[in-house]
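Structure in structure tokens, see below.
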Amino acid sequence: MLTKELERFIEEDMGSLPYEIVRDINARAAIVAKEDGVLSGMAEALQVFRYFSVEARALREDGQEIHSGDIVLDAEGSAGGILMAERLALNFLGRMSGIATLTAQCMKKAGKVIIAGTRKTTPGFRKFEKKAIIAGGGDPHRYSLTDAVMVKDNHIALRGLENAVKNAKKAGFTRKVEVEVESAEDALLASELGADIVMFDNMTPAEIARCISAVRKRYPHVIIEASGGITPENLSEYAAAGVDVISMGALTRDARWLDFSLEVTVLTGRG
Amino acid sequence: MLTKELERFIEEDMGSLPYEIVRDINARAAIVAKEDGVLSGMAEALQVFRYFSVEARALREDGQEIHSGDIVLDAEGSAGGILMAERLALNFLGRMSGIATLTAQCMKKAGKVIIAGTRKTTPGFRKFEKKAIIAGGGDPHRYSLTDAVMVKDNHIALRGLENAVKNAKKAGFTRKVEVEVESAEDALLASELGADIVMFDNMTPAEIARCISAVRKRYPHVIIEASGGITPENLSEYAAAGVDVISMGALTRDARWLDFSLEVTVLTGRG
Amino acid sequence: MLTKELERFIEEDMGSLPYEIVRDINARAAIVAKEDGVLSGMAEALQVFRYFSVEARALREDGQEIHSGDIVLDAEGSAGGILMAERLALNFLGRMSGIATLTAQCMKKAGKVIIAGTRKTTPGFRKFEKKAIIAGGGDPHRYSLTDAVMVKDNHIALRGLENAVKNAKKAGFTRKVEVEVESAEDALLASELGADIVMFDNMTPAEIARCISAVRKRYPHVIIEASGGITPENLSEYAAAGVDVISMGALTRDARWLDFSLEVTVLTGRG
Amino acid sequence: MLTKELERFIEEDMGSLPYEIVRDINARAAIVAKEDGVLSGMAEALQVFRYFSVEARALREDGQEIHSGDIVLDAEGSAGGILMAERLALNFLGRMSGIATLTAQCMKKAGKVIIAGTRKTTPGFRKFEKKAIIAGGGDPHRYSLTDAVMVKDNHIALRGLENAVKNAKKAGFTRKVEVEVESAEDALLASELGADIVMFDNMTPAEIARCISAVRKRYPHVIIEASGGITPENLSEYAAAGVDVISMGALTRDARWLDFSLEVTVLTGRG
Amino acid sequence: MLTKELERFIEEDMGSLPYEIVRDINARAAIVAKEDGVLSGMAEALQVFRYFSVEARALREDGQEIHSGDIVLDAEGSAGGILMAERLALNFLGRMSGIATLTAQCMKKAGKVIIAGTRKTTPGFRKFEKKAIIAGGGDPHRYSLTDAVMVKDNHIALRGLENAVKNAKKAGFTRKVEVEVESAEDALLASELGADIVMFDNMTPAEIARCISAVRKRYPHVIIEASGGITPENLSEYAAAGVDVISMGALTRDARWLDFSLEVTVLTGRG
Amino acid sequence: MLTKELERFIEEDMGSLPYEIVRDINARAAIVAKEDGVLSGMAEALQVFRYFSVEARALREDGQEIHSGDIVLDAEGSAGGILMAERLALNFLGRMSGIATLTAQCMKKAGKVIIAGTRKTTPGFRKFEKKAIIAGGGDPHRYSLTDAVMVKDNHIALRGLENAVKNAKKAGFTRKVEVEVESAEDALLASELGADIVMFDNMTPAEIARCISAVRKRYPHVIIEASGGITPENLSEYAAAGVDVISMGALTRDARWLDFSLEVTVLTGRG
């Protein structure tokens, strides 16, 4: 992450205290997983320690399965530096590994279907939440409105499907156009108008299954996505409906953090 | 929130697209709750709409109980402005109301005990997560290391309890000193050294109950807090142990988002 | 544009002088085109005036053809505000209209072929240069590395075409993959591997024409782009080769500014 | 340049992608000039590579004449780092060397007359464009309104020459006062009022020549500048008119970029 | 001041508390001078109140003499807004009026000699301290290294006077060159080399008086400045030595704040 | 301090000049105290030099007494780097040591009473001024409104003492509540309502002494502070009145800078 991003996070955690490393106690620290899961946030945690002049080393990699009791990172340096880094490093690992773990669980249920995120992310933390989805094996979906153009229910309510898709196609030939639909007719119309991705929104697996074959036959290049109300519980049914991608707000909205703790040992110096 | 914070969040959601409001379609929008819960994030949602020159009005207040189907905010203005505001406003409401709702649920189980947050918050979003805890009836606890001084397990491992507390007391007479302990002896020692708050960490309710009376008798001004492994499930037992405050990482780590959606209607303009 | 962007530009132009509007002289200002061309930068110019509490009004729109002598914007307010806004507003209009004008000239020569920009833009000013290309009728192409994934000569040199494209396809289903090629074989291979766009780089129109038909027949969905050494002079030949898109660094690298000046008249106040 | 400036430029080019260097492929890169010209932007290009932990070395210096085919910079490090640095480094070199080259061409035609820039610069990129003018042998002129005070046509229209100059003289004894004039009378009046620099605006070389001698005789310390409509084509005539300085918006408005490319070779690592 | 500057100051004073105006109590506030002095900081104080949606009005102007008991500003709006603005508005007025007052006192002792500031200013607050000097009737001197070029003792120690001045002259024809000297010989040499300002550093008034006449005779255009160890106490002697300008670090280093307080009255609302 | 803070200060001092270290002259520099005092700002000064790639070493520590003629810091590196660092490093040392020195003088007069700062600090520089107070042996008091809650005269005017204190107590159990009072009755009431600190504002030492005993007897845990109109001159009388803490705006409002200068010697290179 950029220095300015890192410093914004450090400032939030330290407040007005002037940051200043004094090398009076030399210590060693270990970050230990307290639960099983999938790791994410390692690059961020390392960067936090290094900012405070603490040498840190990854013992596990992003995307790897980890188990309760695993040491995932060890560090050595001034005790002051370690303690200033502790909470922020753990917050990155906890939030990001929580999302990676939930994503990986969904991926297992989804078979060959791609599991993707949404823009339902914590304000200011999206790029890290998207990165966690990737660590869990998922697809980040759009980072911002500048990426692929989506024609959503509210756009259609405002302009009608046809106008809305035609307008979206003008956004640039390098960007895909994705259209939310709620029927086979609209799916076919959107494809006809040049949609690259058709997304069935808030429909049952059975309804979606019925709509898919029509699209597949006529528009084999169109990617078919399902979204809306899909949870880890009902995910398998949507996967079985034959879609290519399932996007789930739940990956970022419902993910619990994974638990980590930092343990410190004195090496030298006045205690 | 400050303009610069708001613009950072807007930039994240819009990417490189130049923000520009064109007043071609005049529309009305309503944000509707899809679940029961406690509201938080209203001031932030209003500010997002107003940034895009959309008039917005709160129909419910932060801290209020809301029900599925309630319209919590309505807005009127250019359709472009409404659509640029939509996702960010919903993300504030969803994340913050989720935390407020979980906090309020915990408060109900806690009786007269205060439920407090921790520094286990999403990097860059802490002040909003603390505000959501307040909306849910809880206590924000420390915003940053500049607030009350905590002497935690790792500080004690490095310096010993006595040195660590004495050092903490030097941080300034306007700041409280809170000490993490794991026994009645340490609780008494910390109080003797001038701790304002003693926090029993990772202990069972029974163990805590045993330790409390000794402290209460000799140091009636000392506030007693429990933390570590406390969840909505076992919370009542900790509350019954006689503590003043229970701080729970779970408020921010385990909270699911509350579901809201935005519905839009055209007023005038070319569709 | 965001307040923070605008203020960064204002700070650059004003230096350390404290910005402070004193309403002693009320004046009127007109921005006049000194050359024929296509307008871009109007929204930005208006925003600059409004920041300094000067009322400003557009008399022409972005994308419109303008002629020498046309008044494109008029403004009224404190003379101090007008003079602080003048240079920055003119710099937006001059640079952006220059790009829009060159783009429009290229569009005329290109017939139905799309003219697109590149990432060869002035550091810190890309989004405005892309917006100017759109005003001139062109396509912005990628805003940043986060948009469509490009596999370029250096990627291929490092990993080989096949690995590079396979890797690019993993970047996410919402993003297009564009591959730079220098032969029909590579164009076919890239298409086979799932490229959405094939870009013929640094080839003659004749060579490109030869390669196109093979791709068109087998991969009708693939968009064909030409780039590398294409200038307003040789553009028609490339357009005639049958490509869909021509991307030209020249749009931003070779564009001269369009000339505008601001003329001011005193309304009231001590001179 | 400051870290915060560099990171703003990097963010523009990378978008939301988390920046993270992985050292899997070790590569060497060379930046090669594709045209003759004068170099500028080397310090900036080096800083971009170093930010991405790539070792980079200058083979030519700012201000030096370079020839098509010259390697101006070589670099060695992770392929990922090189590719993230490539476009931004090239954009600095291309834009800045283009300006330096045009400036140097003008300097040759100007004999002993100083060629200076103006405030007609790309918003947000001024200090680099001024630096490029210096590399080309020119004078940067004012960086911002805080530098030397200029009394321009619009100031005179608002307040009259005499009031405007008197007011400018109050801005501080450390700053020069420059006055735009269009006649010998005004030039003499401005000099009488204490102008340090008199600038003949939008006049023919013949008119300027006529005005100069009067000023020279009575105010030998006053620097005489010409500006307005001066291009590389008519520059020699203005130089011959006897002025000290010619300032040209054309240096930054009309400069084409100089062409550079980056070539990469694999050293080690999995391709 | 720019929004981003104002928000940085507000953030410093408010910490992590989310800023939010609630209009429950409507109040009136008056800022009262508690000492005699010269006012500065009014524009800044007004801007602070307005940021918090409080209507504020200046009753005195920057540069005006004020007396103990004078109400300099009154305001009306929500009590919450007034209390959030209070300390920051008072800090601007107190620090800036303190400098303006000391400057005005020095101006009185200086007769027709200009009193100027230095770069000895509080980091991050220079432009406001310079503005306060202007309010007190003084000259701001250089805002930054980009303004007039100074050749100081350390430059001369490094390069010798002649090289250092020649080098300074290359910085651009729009910038004055000021040279620190400690003898008549050096003053003459510097003038000969084209210095615009000669500054006698750390010399007695008698020594300076001796050096001046030589310079005046041969270089009547050169401005003569004295600096170094000049205080309000010995200032008159330096002024009598015949210099044009006296620059004093004391204006910003030794100025005490002027005392103001804010008094509030409830208008309406629940108390 | 954070990189972004340091760069803001550097930008203020350098203006638009592109920062670039050229290693042509290698020099040594010493910062020498010109007055006796207490040192503060050493960490900041070191950081400034290091930013410009100059090796710097502290010869004295923050909080230490220094004497006129002491070398407090020495540095070695490029002359350009040293000169760019000079003024900013000296400004930190001068302002911060001035505050530390005044604080230490007050501490000597105060016996065992704590001397504390206030929020009367230079906008944007508070955390460094608080740090200087600590270096002088004082207490920083609140950094911002987020720290301990103060109920001040204006809060009481708006809501009444009782409501105001009750409201303050809700701000969170980790924060102390301090109440400004002007009588023994109010001091007792505030203590009864749970104030942690009672502050006697603008009262004579005799009045304060009379009020203290009542509070001490009934509320021995309450900290007693005096403030308002306390200066180095009358400080001893307030200390003798029996308070625990004296807070003085004078520490930051009336502190003169301590004088330091930087002396440079050439090591190698062309002069």
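The chains carry the letters A, B, C, D, E and F, assigned in the order they are written, with residues numbered from 1 in each.
Definition applied: a contact is a pair of C-beta atoms (placed from the backbone, for glycine too) under 8 Å apart; a residue touches a chain by one contact, two chains touch by 3 or more.
Model, not experiment: these values are computed from the prediction.
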{"item": "Set of chains whose contacts include both subunit E and subunit C", "value": "A, B, D, F"}
{"item": "Most remote chain, CA-based centroid, reference being subunit A", "value": "E"}
{"item": "Pair in A-F, A-B or A-E that repeats C-E, with over half of contact pairs matching by residue number", "value": "A-F"}
{"item": "Separation of mean Cα positions, subunit F and subunit B [Å, integer]", "value": "32"}
{"item": "Centre-to-centre distance between subunit D and subunit A (centres being mean Cα positions), rounded to whole Å", "value": "44"}
{"item": "Junction residues of subunit E, two or more chains touched", "value": "3-4, 12, 15-17, 126-128, 143-144, 146-147"}
{"item": "Of all residues in subunit D, those that touch subunit C in their complex", "value": "8-9, 12-17, 25, 27, 79, 82-84, 86-88, 90-92, 94-95, 98, 119-128, 143-147, 154-155, 157-160, 163, 249, 253-254, 256-257, 262-266, 271"}
{"item": "Interface residues, subunit C side, partner subunit B - complex", "value": "1-4, 43, 126-128, 130-131, 143-144, 146"}
{"item": "Sites on subunit C touched by subunit A in the complex", "value": "114, 116, 139-144, 146-148, 172-176, 178, 196-197, 221, 223, 244-245"}
{"item": "Parts of subunit C lying in touch with subunit E, wherever the complex brings them together", "value": "3-4, 7, 10-11, 15-20"}
{"item": "Residues of subunit F defined as touching subunit C within the complex", "value": "12, 15-16"}
